[in-house]
Structure formats: C-alpha cells, structure tokens
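Given below, in the form of structure tokens, are the structures.
You will see two complexes here that share chain A, one where it goes with chain B and one where it goes with chain C.
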Partner chain A sequence: MRKGHASAVRSRLTFYERMEPYLFLAPALLIFCVFLIYPFVRTNYLSFFLTDKYGQAKVFWAFRNYTDIFKDKSFWISLKVTFRFVLMVASGGLIVGMITSLLTVKKYIGNAFAGAVYAMPVAIASAAASMSFKMILHPTNGLLNILLGTSINWTGNANWALYSVAAMTIWLTSGINFIFISAGLRNIADDLYESAAIDGAGYWRKLWHITLPGLSPTLFFQIIINIIGAFQSFSQIRLLTRGGPGDATNVIVYNIYKNAFENFRFGTAAALSVILFIIIMGITLMQFKMEKRSVNY
Partner chain B sequence: MKTARKVLGNVGRFSLNLPILLIILVPLLYTLSISVMPPSEIYRNRLIPSSLNLSNYINAFTNPNYHFPRFILNSFIVSASVMLGQMITCSLAAFAFSFLEFRGKRALFILILATMMVPGEATIIANYLTISRWGYLDSYQALIMPYLTSAMGIFLLRQHYLTFAKELHEAARLDGCNNWRFLLSIVAPLSRPALGALGAYVFLNTWNQYMWPLLVTNTHKYRTVQIGISMLYDIDAQSLGLMMAGVIIVIVPSLSIFVFMQRQLINGLMAGAVKG
Partner chain C sequence: MKKKLLSLVMLVVMGLSVVSFAGAQAAPIEIVFWHSMGGVNGEAITKMVEDFNALYEGKIKVNMEFQGTYDDAIAKIMAAGMSALPVDVVQIYDIGTRFMIDSGWAKPMQAFIDAEGYDITQIEPNIAAYYTVDGRLYSMPFNSSTPLLYYNKDAFREVGLDPDVPPKNFDEILEMARKLEVRDDANNLTRSGFGMGNYGWFFEQWVGKQGKAYVDNGNGRGEKPAAKVVFDENGAGKDILNIWHKFLVEEKVFDYLGQGNDNAKQAFISGNIAMTLESTAALKSLLVNIGDSFELGTGYFPNINAGDEGGVSIGGGSLWALASGDEAKEEAAWEFIKYMISPEVQAFWNAQSGYFPITVATHDLDAFKENILKYPQFQTAIDQLHDTSAEYVGSLLSVFPEARQLVQTYTEKLIQGEMDVDATVAGLAEKINSAIEIYNLTN
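This part shows the complex of A and B:
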C-alpha cells in the first residue's frame, strides 16, 4: 500500500527532483571514490606487480610479492613483534580503563576531576606524546632513569624497546578505554545492585556477579577497538625507535612505511598493506560473529 | 559527626585515585617542567626547575630556523578546512540518507559504512602516489583533500537527523521551502550539538595527525606542527628544553578543545572511531 503510493509520487517527480538526492551525496561520494575506494583497489592491484621507484606498475608478478614476503624471515619477526605489541596494548589499555572506570563510577568529591584526567589522553596527539616520552625515557637525563637510579637505554635496548613503546601506547589509549568502559558501567541497571545488596553481597561479589557480566559486551567491543588501534600504531614507533634496535619494534605498519618510503618498494609495501587489511578485517568479522554468541547480558 | 564521616569517606575514595592520577599526569607535568628549566639543570637531572626560564618558548616563536609560527598557522589552516569540509559534505550526505527517497539508498549507505572497515594503511600508499602524480606534494590541497568527508561524520549526523519528525519536512515543502533551504535554515541550526561534536572531533583529529602530513610535506612552508616538533629533535638533539616547549605549545590547542568541548568531543568519539 505504502509502496504503491511512493511509486505514484515518484512518477510525478520532475527529472531534477529525482536527481536531487544524488546531488546531496555527490561531494561525499566523490571524495570516497577518489581517496578511499580507488586507492584501496589500486593498492590491491599494485600488490601483484613489480613497481618502479615512482610506484608505477611495471611487470605483472602474480603472487610473487606475497611469496617473497612469506619467505622473508624478517616478515615473520615483524608479525610476531606486532602480535606481542597488540596483545600488550589491547589488554593493558583494557585493565587501566577498567580500574579507572571503577574508581570513578560512584559520586564523591573530586570524582569529576579524576574522570576528566583519566579521559584526557584522548586529546593528546600521538606525536606530541611520543616526544614527551622520548624525554621521560632519555638514557641519561630522563625521568624514569632518575627515579629508578638506573641508566637504561629504554628505547635503544632490544630487551626494553617493545615494552617501552607498548607502555607509552597504553598511556595514550587509556583515555578512550576509560570513556567507553565508564559509559558501559553507567548502563548497568541500578536495581541489580540494590537487590544484590539486600541479599548481603559485598563489593567483590557484586563486581564478579553483576558488574563483569553486565560489562562484557562493552569490554568485548573495547578490546576489538584496542586491537585495531594497536595494529595501526605508527607515530610512536617512528619517533621513539624507528623500528629498532634491529627488528625489535618493527611492527607491520612501520614495515610498510619503510618499504614504500625509504626503499621505494611500493609493490611489496602494497602486498603488506593487503595482508594487514586481511588481518584487521578478520578480527572485525570475528567480532560480529562472537558478539552474537559468547557475550553475557 | 555524620558530615565528618562523609568527608572522610570522600577523601578516602579520592585518595584511591592518586597513584593512577599521578601516572596519567606526570608525563605532562614533567614535560612542562623541563620546558621551563634552565638548560644546566636538565643535565644535572633536576625534576623541578629552581627558577622559571621562558627562553625556550621565546626561542621557539622567534628563532627563524624553527619556523614554529608557520607550522602552527599551517595546522590551523588544515584543521579548520578539514573541519568545515566535513561539516558540509557530511551534512549534505546525511540529509539525503535521512530525509530523501531514492534508488540505491540502502546499498550506498552500506557501502559508506563498509568504508569504515578499511584501515588508513590500506590506502595511504596509493593516495600518496595519486597526490604526487597530480603534483600536489607539499601543498595545502594534499593535506586537506583526502579528509574532506568521513563515514563516521555521515553516520553521526544521520542518527541525529532521523530524530526529526517527517512532518517538519513535509510542512516546509508545502510552504514552498526547497530541500537546500530546509537543510540550511531549519535542520542545520537545530543540529548544533551534533555538528559541534563532529567539528570538535574532526578538528582535534586533524590537528593530531602525523603519518599523512609526514609523507606529503617536505618543506617548512606546509609542514604541520606535529611534524615540526618531531623535527626539533633532528635539528638539535641537545636542546631538550626546546623540544618540550614545542610539545607544550602543540598540546595547548588540543587540551583547550578537550576542556571546553569535552561533552561534544566525547559524543564525537562515541559515534564510533578509532584513534589512528
């Protein structure tokens, strides 16, 4: 019935009226086509070619860029480094976000101030934070060494570099974790806590039996956000360690950057980008699938 | 007695926060402290300066070798342009998706949402090659153009527009108000909170960008401030104080947006975005 009416109206529309919606969409679609869809297709295309140093496709190589990458030992190191980094940052961010949210969920004098401080790192640029941590981690005059009475080269020592960059990234992402987890906490119904209090449940039992199950959709969503974000970290790697020492912090994104913009191997870089895209896509799809199943409400 | 206990409880609760508050705040306080410390004290590993030394700030703004005022200007131009651009393109597209009927509406909307899943790294190489082929390396266009729209912005504004009553649109049309005027003089003014959230979020994100400006700029004429501060280290690794003054200068606009537009900013963030 409604549909019939709509088509009757549509047939009376002038040509301009039928085209008008597309005019509204045109600017956004133009930008999407030129700077998102085309380059995405182009990256996939380049990944099958040997390219010159200007990024022009020269020889069709089918899967050779990919097989070369998989045969290269440094790719597997880079992948391992990336996964370790992602694991540390995603879980570290979640834990800090959990603690800060739980500390500020009840109202008391100063809780708004504490909340504002916990959220603040969202506003700080990764480059600015990296420079600040460059000073903190400075081998001779940095805060961390002064406080510990040590003289460790936190970013130049292969044993410490990845932990240093991960710790700095947890600091940087603690704000977004706090904001989302706090919002999740506030959505848990109060009457659950009230009835638990009547039953005589203490703080930790309420945390375990009400807060955690109620928060699980938020935590699940947040850990995916953390994982995707961590996979894409670049500024702190470039500014603190340049992927080194050796390959100690050579995460995939930095590997892509080095291949494309230091060695001008655009084909290899494109293939690595495709691999990164597939990993991130896989995680996103997993999120959609698991969200339906394993999350307690 | 009762109030005393209440105050005590408040103090107790707040003091539980102190360790983490300290960890979050110390990097910024330390940066500030180093930036106003006389150079000799930095190398004597002092934590708090004995006297206030503003020479790093004066140096950053007046020494022509650092180009700092230019970097700040560049960042303002780029961030403001991207912000205005997204407000316009996203408003228009969101309007079509919420008020108008047309063929392919659903498919186009899904296509736009799907673009959110493509990470920047999957497009950045080809975008660099496009910009360089057009001869736009080292220009404002290069910094601005790729970011003139966003799926997140369209989504955020559409959610808001869907709360408008359809009757409002129909009544306006009967009064002879066309869609463009309806958007400009009725929908946009009523959407100030959503537009504010988008604007604050986009300005901040653009101000904070690092990878793209690093790739497409080569000279101080177009470099943004984030690239500028990271280069201070390459120019003179000895002047740690200057570097930290640079960080503080860059953070001030970001923190101002955070302090004065916290609610809008958080609404923008919640609309679904990952920090890149």
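This part shows the complex of A and C:
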C-alpha cells in the first residue's frame, strides 16, 4: 500500500493532501475575507447607491455619487489640502527621524536618554497628543503663544491651521521614523566608513556616499509607510480643527468620516473611499517603480 | 473509594444547581443604560444610578455605560439598529428626536403614561412640548438646557458697567465689549469683551429668537416632515451671519475660537474673554472651574436684533426606552426613568449640572431652594424658559446633525472671507436642502 502510494504521489494526491495547504491557510484567509475583502467589495457596492439612515443601500444611484463628488468644489480643495498635508508630513517625519537618528548614532553620555526621547512619540496615542496640543495651541491662553509672545490663532486661522496640524503630525510620526532609521544605520558596515576615512572623506561626504545609499531600503520603506499613514491621519484633525476653518484642513479621510458618521450618507463616503484607495494605490505603484532605480539592496 | 468520589461529585452538582436556582429566583432584572454625560455631569449621573440600584436592590439593576458624545451614541445606534444592541434606555440629544421617532425602535413614553395613568402635568410643559409630536410624548425629557449669556461680573465692575445688567442684544454686546476689552502695549487684545464658539446650536436658537422658522411644514412638526429650509427666505439666516461678520471681520471684537464651545469656555474661565455664550448645562462646571477667580453672572441668551420677540427652545437630551417586547425589562426601564425625573433626583441633578429640573414639583423642594439661594445664577435659565411662549418650541429636522455641521463650516467660510453674507446663506441653504432631499428619497 505504502509502496504503491509512493509511486503515484507525483500525479495523484489524495483529497486530504490536496486540501492540506488550504486548511493551513484557512484561518488567515478567513480573517482576510472578513476584515478586508468583504468590506472592500461592500464599499465598492455601496458607492453606487444612496443609503438610508441605517446605512442600507436604498436607491441605485449609478455613478452619481462620483459625479457629484467631482462637481463639488470642496472636494477639489480637500484633495489639494490632502496632498499638501501628506507631502509635509511624509517628508517632515522622515527628515526629523533622519536627523534625530544621526544625532544618536554615536555613543556618548545621555545617548540612550536622547534616543528614548526621540522615540517617545511612538508610544503616544494621536488622540491623547491632540488633546494636549489643543491646550498648547489654544488661541487665547495656549502655551505656544505664551512662549513665543505671539497671539496667533494656530488652529482657527486658515493660514496656520494646516501647518499646525501637520507640525504636530510630523512630531508624532518622527518616532517610528527614528526607530527604523536608527536600526538601518546600525546595519551599515563600519569598514565602509573606515576605508572612506582613510581616503580622506569628511562627514558630509560619508553621509552622502555611504549613509544615504546604505539606508535607501529603509528610507524607501519609511516613505511608503509615512505617505500611507499621512493619508489616513484622522484624530488630530477631528480633535483640533474638525476640517476647518472652512475647508482648510478638510483632508479626504475626515471628509469620509463626516459623510459616513455625521451625515449618514454612506454612499458618498464609500465613493470617496474608493477614490482615496485608487490614489494611494497609484502612489504606491509609482514608488515601487522608482524603487528599482534608486534603492540599493 | 470510587463510590465516595461519585457521591461527592453528585453532592457538588446538586449544591451548584441549588445555588443557581436560588440565584435565578433572586436575580434582579438587569437593564442597560447608555448615557453621554462626561466630567462634572458624568459624576452626578453615576451617583443617581447608584442610588437607584441601592433603592431597588434585588429587584432592578441598572448597568450604565458611557458612550462618549451624543453623536457617538446615535451613530452606534444608527449603524447597528437599537434592537440589535444591548441597551434598554438611551440618552439621545434633542436633534435626534425625529430620527428616533422615524426608526420605530423606541416605545413611546405615552404608552407607559397611559398604561399607568401617570400625571403628565408634573412635567414642565415647555419642555414636554419639544418631545411631543402628534400629541404623544415620545421620550422623557431628562437633561434639558437652553443657551445662556455668561459674563464676568468683576470685569463689569472694573470698567464701570453695572454688574447686574447683562446685555440683551448684540448692539449692547458690542457697546459693552468695547468697554471691557484690554490691550497690551503692542495693541494686542489681552482680554476681549466678548467671544463665542462657532456652534450650530446657537444658529438654530437665534432663528427661534427672531420668532422665525428654520424649516417649512410647521417648522418640521407638521404631518409631513420638512422639505426645505426657510431661514434663507425669511431673512433669519442673513441677520445671524451678519453678526458673525460684524464681530469677527469688521469690528474684530474677538479672535475666532473654533468650532464647538471648548475653546470659548476655556478662554472665558481664564479671563481672556469677559462675556460668552454657553449652554445652561455648563453652569456647574463653570462655577467649579472659575472658583474664586471672579464672580460669574448669567443673562438671557442675547437677541440678534433689538426688537426680536421670539424665544429660546430647549436643547439637551431625553431618555428613550427600547421597545424590546420583554415586558419585565420595559417595566424596569419605566421605573428607572420615573426615578430619574422624580423631584428629589431632579433637584440634585439641577444643582450638580445646571440642567433644568424638568419636574414642576422640584421647585417646592428645600434642596432646590437652597441651591438657588446660594447660586442665583441657576434662576436665570429657569426664568428664560418660563418667559418663552410654547409656540417657539423649536424645529424638528431629520438631518439636523449634518445641518449643524454645515452651519459651522459655512460660518467659517464667511469669516475667512471666502464668500459674503448673501452667498453664505444661499450656499448653506442649498447644501442643507440637498441633504433633506436625499434623506427623504431614501427613508
């Protein structure tokens, strides 16, 4: 029996043997389906309907949710605001993370303490940080105005609101950037620096020709994570500005939230989500294309 | 040995079944209560529920669950359907009334009242009127509030204004604010005479204060639900937005304080603004937070124009009972609601929060009288409500949460200079009308 089976194994597996890998995959697939694929399909479906107050599809609306969005001036403002915000946060978080990790890469007294401080934002929930910043940025008796001796309406003035929220978000994302970039720095072989030093390279030269190329996989990964994270920033906007003043900080994610959970127009919210999905997917694909050119593994 | 073990197991099993049987006999009926009261008011409501549980020990047990803001609570209910949620009594805000009636999930209070012959005249008529539609009381008013003007009496004295005469309309506010403001050497405002949060509720109140309607079809209380807004046609919206424009753009009385009331309240407490607008529900927390730093005064919510003859309508929340079909639970919910509006409990609630005592008999209690004597500020809100004719009961609109949000956003567009007053009113009306249209199409 065993012998015969062994000879036929390549061509004819038993039912169990064929099913076995899928059984192992099943738990993961199930979770994937329930929490990712089903909601994704459902979102696409809902985006073609008007929903009633319980969020059930009620009236088939074809593409009108989409055309209404594209006709709405505030959507285009919101898109512009989103891109500005993402650009500021993704690059700002990376730069701050880069600087802080370069500052702590050499061993010195207090190095561990400084590292802990720079990594700290990772451990702070964005909602808690937003509540603190609400006090710090308060227009009449906020800490920041008192320290600077100014009377700037950080979150209530359209010229400042987006920068205020972005600055806070940069600080929040700098922690995770710091951790990953620090780890990346430690992976660069010391002999590279030594031979460069023998060749007479200074600090900036080494940074440009060894550190940056050596870090490129980390930086590439961090840029993607930063961009996706920035696109999805929500709590600081909800708590600090509620998308205002006017549409000044009305990023797409907040717009989606507003439509779904304040206005109970799930159709519009679903359509906006699909648009956001396409944007993020497009950007990520573009980045992977660029990766081939500029990342050294 | 084996036998001994077996008998031991049997004994244990029997013992357990006796215990569980006894437990089933004495187990109180458990109901779940969702509320949205945080801070000082949250502490008060917790105490009230604990007292109820102690009083009804062994009979009814209320498990209370804090749900965050009113918006969060109603969002949960909308998303899941009340009957699918483990909740028997829920606190819903004023503007959720139309939604809750339309949903059909709740058992109207009128059903309990009729069944028991409960004397409904015990409830403040002005307040009950808001929650009465087609002659039926749908939910039990519980925490009712109106907006008030709060002012800093010490600042009034300092600049020679009579601390017992608050302004009645925005002309007077502007005049007094000019006297109350303090500037530093660089001519920056260190204290504004007046400042208010950008809160959509105020807009609704000012429409009523002008004696005008917000929406058509009997202000949304007619047989058919509202089909469109009318504050654009009757001029109410324009007058309100003119005030915003005047105070923030032309006269620069105060610096914009953001949406909602948090920033304004904080600025008022720390003495950075001398007059502000807030709900009566903030009274206790203002008293606690201000402490001894200055004397707090309260006045009627100001009129937009000097000659306005309308009135304020109540806001805040009411208690809705779920129609679960489980008679024991529904009865328990009714007992609980009756307790929460009983005169003694309402006197405590009023003193701890600033919400109105909704039961008339509360006014005769010593506890209530003592509190008013100690803090006469509580009287203003009650007088203001009693001075308002029941015809200004306020509008009902299914899409109020969205409308309120739109009001706030468009007010910001106005003060950022994106559009002028007329364009703002028109844009706002158009947006709310399209929201109503879509709602009526799908529900």
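Note that in this section the second predicted complex is superposed on the first by the 263 of 297 C-alpha atoms of A that agree within 3 Å, B and C clash if a C-alpha of one lies under 4 Å from a C-alpha of the other, contacts with A are read in each partner's own complex, and residues count from 1 in each chain.
Assume a residue touches a chain if its C-beta (ideal position, glycine included) is under 8 Å from a C-beta of that chain, and two chains touch if they have at least 3 such contacts.
Nothing here was measured: the structure is a model prediction, and the numbers come from that model.
Overlap between chain B and chain C is detected when the two structures are superposed via chain A.
Judged by the touch definition given at the top, the superposed model places A:S91 against neither chain B nor chain C. In the superposed model, A:S216 makes contact with neither chain B nor chain C.
In the superposition on chain A, A:G55 contacts both chain B and chain C. Once the two complexes are overlaid on the shared chain, A:V117 sits against chain B while remaining clear of chain C. Residue by residue along chain A, chain B and chain C are tallied for touches, and B comes out ahead.
By the touch criterion stated above, A:L143 is placed in contact with chain B alone, chain C being left untouched.
Of the two partner chains placed by superposition, chain B and chain C are both touched by A:K134. Of the two partner chains placed around the shared chain by superposition, chain B is the only one that A:I228 touches, whereas chain C remains out of contact. In the superposition on chain A, A:Q287 contacts neither chain B nor chain C. Once the complexes are superposed on chain A, the part of chain C occupying the same space as chain B corresponds, among 19-27, 37-45 or 199-207, to 37-45. Shared contact residues on chain A (touching chain B in one structure, chain C in the other): 54-55, 134, 138, 141, 261. If you check the complex, the residues on chain B that touch chain A are 7, 9-11, 13-14, 16-17, 20-21, 23-28, 30-31, 34, 42-43, 45, 47, 88-90, 92-93, 95-96, 100-102, 105, 108, 112, 115, 117-130, 132, 145-146, 148-149, 151, 154, 179, 204, 207-211, 214-215, 226-227, 229-230, 233, 240, 243-244, 246-247, 250-251, 254-255, 257-259, 262, 265-266, 269-270, 274-276. Against chain A, in their complex, chain C makes its touches with residues 71, 75, 78-79, 81, 99, 102-103, 188-189, 192, 195, 255-260, 262-263, 266-267, 270, 272-273, 398-399, 401-402, 405, 408-409, 412-413, 415-416, 418, 435, 438-439, 441-443.
Listing the residues of chain A that touch chain B in their complex gives 6, 10, 18, 20-22, 24-25, 27-29, 31-32, 34-40, 42-43, 46, 54-55, 96, 99-100, 103-104, 106, 108-111, 114, 116-136, 138, 141, 143, 146, 171-174, 176, 179-180, 183, 225, 228-229, 231-232, 234-235, 238-239, 253, 256-257, 260-261, 266, 269-270, 273-274, 276-277, 280-281, 284. Chain A makes touch with chain C in their complex at residues 50-55, 58-59, 134, 138-141, 151, 153, 155-158, 241-248, 258, 261-265.
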